[in-house]
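Here subunit A shows up in two complexes: once beside subunit B, once beside subunit C.
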Partner chain A sequence: MISVESYKRPETIAEALKLLKTGKFGIIAGGTDVIPQMRHTPARSLLDIGKLGLDFVRENDNTVEIGAAATHSQIQNNPLIQRFLPLLSTACGLVGSWQIRNRGTIGGNIVNASPCADSAPALLIYDTKVVLLSSQGRRSVNLSEFIKKPYLTVLTAKDLVHSFVCQKGDDSAGNSFIKLGRRQAVNISRMTIAVSLVRDDSNKITMAKIAVGSVFPTPTRISELENKLIGQIVSKELFDETADLAADLMIKASGVRWSTPYKKPVLIGLMRRALVGASGIKEIPA
Partner chain B sequence: MIIKFKLNGKNVAIEAPGGERLIDLLRERLNLVGTKEGCGKGECGACTVLLDNKPVCSCLILAAQVNGRNVMTIEGVESDARLRAVQEAFVEAGSVQCGFCTPGMILSAAALLRANPKPSRDEIKRALSGNLCRCTGYEKIFDAVELASHKIMKKAASK
Partner chain C sequence: MSVVGKRVARAEGSERVKGAGLFADDYKYFGMLHAAVVRSPLARGEIRKIDFKTIAKIPGVAGILTYKDIPGRNCVPIVIDDQSFLAERYVNYIGEPIAIVVAENRQTARLAAAQAKISIEELPPLLNPLEALNHPKIHLFGNDNIYKHIHIHRGDVKKAFADCDVIIENEYHTPYQEHAYIEPQSMIAIPFPDGSIEIRGSMQCPFYVRKAITTILGLPENKVRVIQCATGGGFGGKEDVPSLLACQVALPAWIFKRPVKLIYDRTEDMMVTSKRHPAYIKYKSGATKDGILRAVEAEYIIDGGAYSTLSAVVLFRGSVHAIGPYKCENVDVHSYAVATNKVPTGAFRGFGSPQILFAVESQMDQLAEKIGMDPVMFRKKNILRVGDTTVTGQKLEYSVGLEETLDKVIEKSGWTPGKSKEDGVGYGISTIYYGVGLGAGGKSMARTGARVLVHADGSVLFSVGTTEIGQGMTTVLSQIVADELGAPLDWISMMPTDTSRVPDSGPTVASRSTTMSGNALKDACIKIKSVLLEEAASMLDCSTGDIIFDEGIVTGGGKTIKLLDVIKSCFAKRLPLSAEGWYITPSTSWDDNTGQGDAYVVYAWASNLAKVKVDKETGEVNLLKIWAAHDVGKAINPALAEGQIEGGTLQGVGYALMEDMTTNADGAIRNPEFSTYIIPTASDQPEIVPIIVEHPFPGGPFGAKGFGEQPLMGVAPAIANAVYDAVKVRIKDLPITPEKVWQGLKNK
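Coming up: the complex of A and B.
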């Protein structure tokens, strides 16, 4: 038993927004984070969004829109997401255990704003916008601005995260997602790296997107690395330099910390591996 | 609020207070104590039940959230042939020591075999990675799932 002041399970979004307007409710979806947290916090009023039909995945012209209450399992196995947002499908498939993926939602993963949220680097690669609803209306915020700092977002108590609008990935892109943990499964990520690259026939990189988790205080796209790669011919030297630059940027952002002697070589190694993986070239020329 | 759901094949209608977790409803009010609470935060999988045939942690769901849905606990072994086959395989393969993780293991394994009747060893390991065992080690548990898969396939073939 956990203590709650009241529990509401509205069946329409309008009703949910009216309740949220009071500012009294905390939102619960899958409950995989909220329920354990509530064992240590004073009783709250809960608003369950499970009946609002927010577990959809739909395709628009250039985007795929994912409802906030879609579960990790649903996203992992959805054919639209596998086709257009492959990094997101991979990332969600690596979250927690099967039990957790069956309940935990993408909305919850992002709203928690943990530096190590597995879905965040993948969503950043697809230039995701977060659609928020409140009694004031609808607004849309870039994911990169939605997460302000560790465990803090722009969300107010009156807002409901409705969905995530993701730009479809480039069909010809090579993708790589690496999650580093202490074991193979059921892991809190120590580091995550998502890379998407497009190269032309002469092995020149024409598109590069790189996002990381648990490297900076929040999940982040690294434009410095992307700019370094675009227009260059794939080579071992290029990837080595890019990986080194990633480590320099990490240290510049957070200083040398107790974890740096571990994280620096690991970030360099994993970034190199992710770049090679996304390039799709087995033998990278020197 | 009154919730109605299907539990091990039977209809249940019961008043559920807002903060009640599914595991509390099962164990304390419905006396289905086969479902175990280990960590209480979704890491050990001892409290695993099937919700619409998918494994979930009953310590992380509110009872109110199963309204209108289908819940299977280890007690459902009486009414479900697949679950029974997995349970028998666990006994045969010697996969039970203290038994605390066993109900959750059996339910996760049965859900795996429903989705994937002939899983590889690696697929079994991944499917059961959310269920922790602290005594037998996992090898005999994985053996049991392979044995159950074999039995279920053989039974299906002989029909």
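Coming up: the complex of A and C.
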């Protein structure tokens, strides 16, 4: 049973920030996380951000800025994002179903801070900064620091996420995104892996970015893996070792759990697959 | 014959697509109250104290009723009367109804029900059927906790096993399956000042509902009218459960003299309504090296939950299907439906057969492999054909299309056993059968009525006692009526099913609507047609034998007239153009102790071939394609028959690969939500190749026999066999999750 105490839908950001300042409101964007959660929480006052014009996508020199209220569908199909942030377009295209992608926003996905939020690993690859507004002013936080632990961010009740500023990806990068779930659609991720690699003519890796979801308590960039790859020549051994290292890091962080016997080898297998995919080489040399 | 056999569109198709149908929740009545149910939070206990003082004061609460308010008998009659409508002293499962709250709106009713204070002294529950069976101390049912035991016995199993060259022995387990109908359980009761009551709701079996209401209110049948609303799916889940809901609205409606509505919330629905019985199967089967199935010994235990509901009949069907569609002279099957302190399980497409068929068909492949014979050849050596005798000693006289279904899936797929294939790809086969209708297990209810009314303008209205639940019954029956009367299809309409229109016609279950209501309609139409024929003969000046009716045109004696003119002429002469039809099935027989008898009048047959690709790193099974061939006797509407094959197959895919409902340590359903109970989506639908085979059933309308359940039944074993073919991992415990396949790969 869902009850709402009051509902506001301001048309200017200033007005929204004023309402938020009271500390009484919870923000609602697409509502695809909030509404199901409200079944188990007492009645709240809701502030709908749907009229604040936060559904933009714009290009700056080295960055693409995405409004917090842009939906997964918009992001999936936006030409700027397809060109400069291809992993994000792919990730958002794998969220839920048509209906969920049409309503669910990127802001909601990140603020909800689920370990399996699909957009997060992709945003991490693009060194995303989260732009926050409050009646105090504007600040910007690295996404890697924004999510503190599962379902908890640095956000206070008075803050509004305005946008995400993403560094454009390297044009020459090879990318791969793998989502492991239990079915083809409306599929909550059991593991997500995003990999972006650049190699030179001699197959030496010159850039490596790797992020995962549902492997660590929060979506995470894995610099250990990136450092291991950069400067090395692509080989089967290199990818095997990198994949093994990913699994070791997972166990180091989370310990051995009931799911580990399955998750560890699957992480190794899928990480290897993602690396091979991003390398763009069909037959990896031994 | 002109519309039977054609792919005409579903009668209510466009209405459904537009969302225009009238479902229970679309009805509103003046002064209507809303009900919510106060339920037991414990799996087993004794009620000590009920305190409704606080919730009675909540503004908007109109009243709270307990068993003390029931004017009739406190019982929901299904098969055995062991289930109370509202708990009196003991509760036996989490969610068992204790009281009904009614309020001015749904929110208030639910809120109040959730806040009701009941103190219950906890008693140790029995949650595992294997422990419950013959439990020395705790007796939930009788003194052995067995709702029903069936023994099927033929030949001499011991001796036969000694003669077998190969023997395979295994244990299998299958879990709950939730119906996941798109519309949750919904019901409305409307009391009338003349002392009668009307029930409208989502249901499969209006006559069951009527019986429940007459029982709890102590009313005669002529004071209770039950009308089915548009129903968003049933799959067996709306066989017996709507009787409970109907009681839950009828009691307050009766007492407060106001209409009452009750719609279950999805979570509540998944927590407390019936599901497919979990099953524990021990199966031993043996064959000779030339490929003859010689002996089967099996123990089949199903978890019935806290009340017997339909378990006895579910067990009957499961037992009759316990060796699959094969000849075998030496059989010893013991099956048990067992009581536990969990939600009562009940009817679900296949009704006790999918569980045991999963074991049967897994065994068949393992026997074949051990003999060194391909699984198709092995089946061909053992399948039933006309003239053969089934496991229950029934001689098959007609309509046995199994071999053709098997040949067709092989032919259409282009696959043959042993054909080379890509790494990780596998093919799996299953051959199954389905006893159509209630059979000997529900003999007393094996009758149906129908009413056909031809109006002066030619339009035809018919009524039957079975229900439209998405299976396409309305369309198929309209086609039958059109052809029987020689009228165009668009003249024909069906009344919503209503207990005041036709005599008790039994339930809409067991794939029986086409044959049963079809035959009853035929009976009614023949009576009307004889009047029309006489009239046409006099108009055409020829004998009735020379006349042909076809889609509204009547020809005879070299002349042609319009059927409408014949109808008008009948009306002018005040001839009767309405009739009642009635049909009872030919007799069946059964002996619980030997398991012998003519269990069903006719059987439907099917073969499934599944093609999978297994991801060896993740254990994920990618279902690439399914070929499903079904002998349906006659497809009155091939498009709808194919629809049943596709839908049933997908439901079987869920059962095979993902649907994994379990209970927690307290005995509550652990995942009563669609976020945690994973069912296939449209995107998970593999390519399905439906193949219709027609070996006519002489007793069916136009040769048709029912088959709506069958598409689900053989899917899980076909997929399990395909997974084995792909990676040599044998999964004996459904669903076939990535973890299990991965574990199997690791253990190799």
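Observations, loosely collected:
Keep in mind that, in the parts below, the second predicted complex is superposed on the first by the 285 of 286 C-alpha atoms of A that agree within 3 Å, B and C clash if a C-alpha of one lies under 4 Å from a C-alpha of the other, contacts with A are read in each partner's own complex, and residues count from 1 in each chain.
Convention: a contact is a pair of C-beta atoms (placed from the backbone, for glycine too) under 8 Å apart; a residue touches a chain by one contact, two chains touch by 3 or more.
Just so it is clear, the structure is predicted and the values come from calculations on it, not from any experiment.
Annotation: superposed three-chain arrangement on subunit A; subunit B versus subunit C shows a clash. Note on subunit A: of its two partners subunit C and subunit B, the one contacting more of its residues is B. Of the two partner chains placed by the overlay, neither subunit B nor subunit C lies in contact with A:Ile125. Once the two complexes are overlaid on the shared chain, A:Leu270 sits against subunit C while remaining clear of subunit B. Using the contact criterion defined above for the overlaid structures, shared-chain residue A:Tyr262 touches subunit C, although it does not reach subunit B. Looking at the shared chain after the overlay, A:Ala185 reaches both subunit B and subunit C. Contacts of A:Ser97 after superposition: both subunit B and subunit C are touched. Contacts of A:Leu225 after superposition: neither subunit B nor subunit C is touched. Contacts of A:Ala208 after superposition: neither subunit B nor subunit C is touched. Of the two partner chains placed by superposition, only subunit B is touched by A:Ile35; subunit C is not. In the superposition on chain A, A:Ile49 makes contact with neither subunit B nor subunit C.
Once both structures are placed on chain A, subunit A residues 1, 3, 36, 97, 184-186 are touched by subunit B and, in the other complex, by subunit C. Every residue of subunit A that touches subunit C in the complex is listed here, in rising order: 1, 3, 36, 97, 180, 182-186, 188, 261-262, 265-266, 269-270, 273.
Contact residues of subunit C toward subunit A in the complex are 107, 110-111, 265, 617-620, 658, 675, 678, 680-684, 738-739, 742-743, 746. Subunit B makes touch with subunit A in their complex at residues 1, 17-21, 24, 40-43, 45, 48, 51, 54-57, 59-62, 64-65, 67, 108, 111, 125-127, 129-131.
Touching subunit B in their complex are the following residues of subunit A: 1-4, 6-7, 9, 28, 30-32, 35-36, 38-39, 43, 46, 48, 50, 73, 96-100, 102-103, 184-186.
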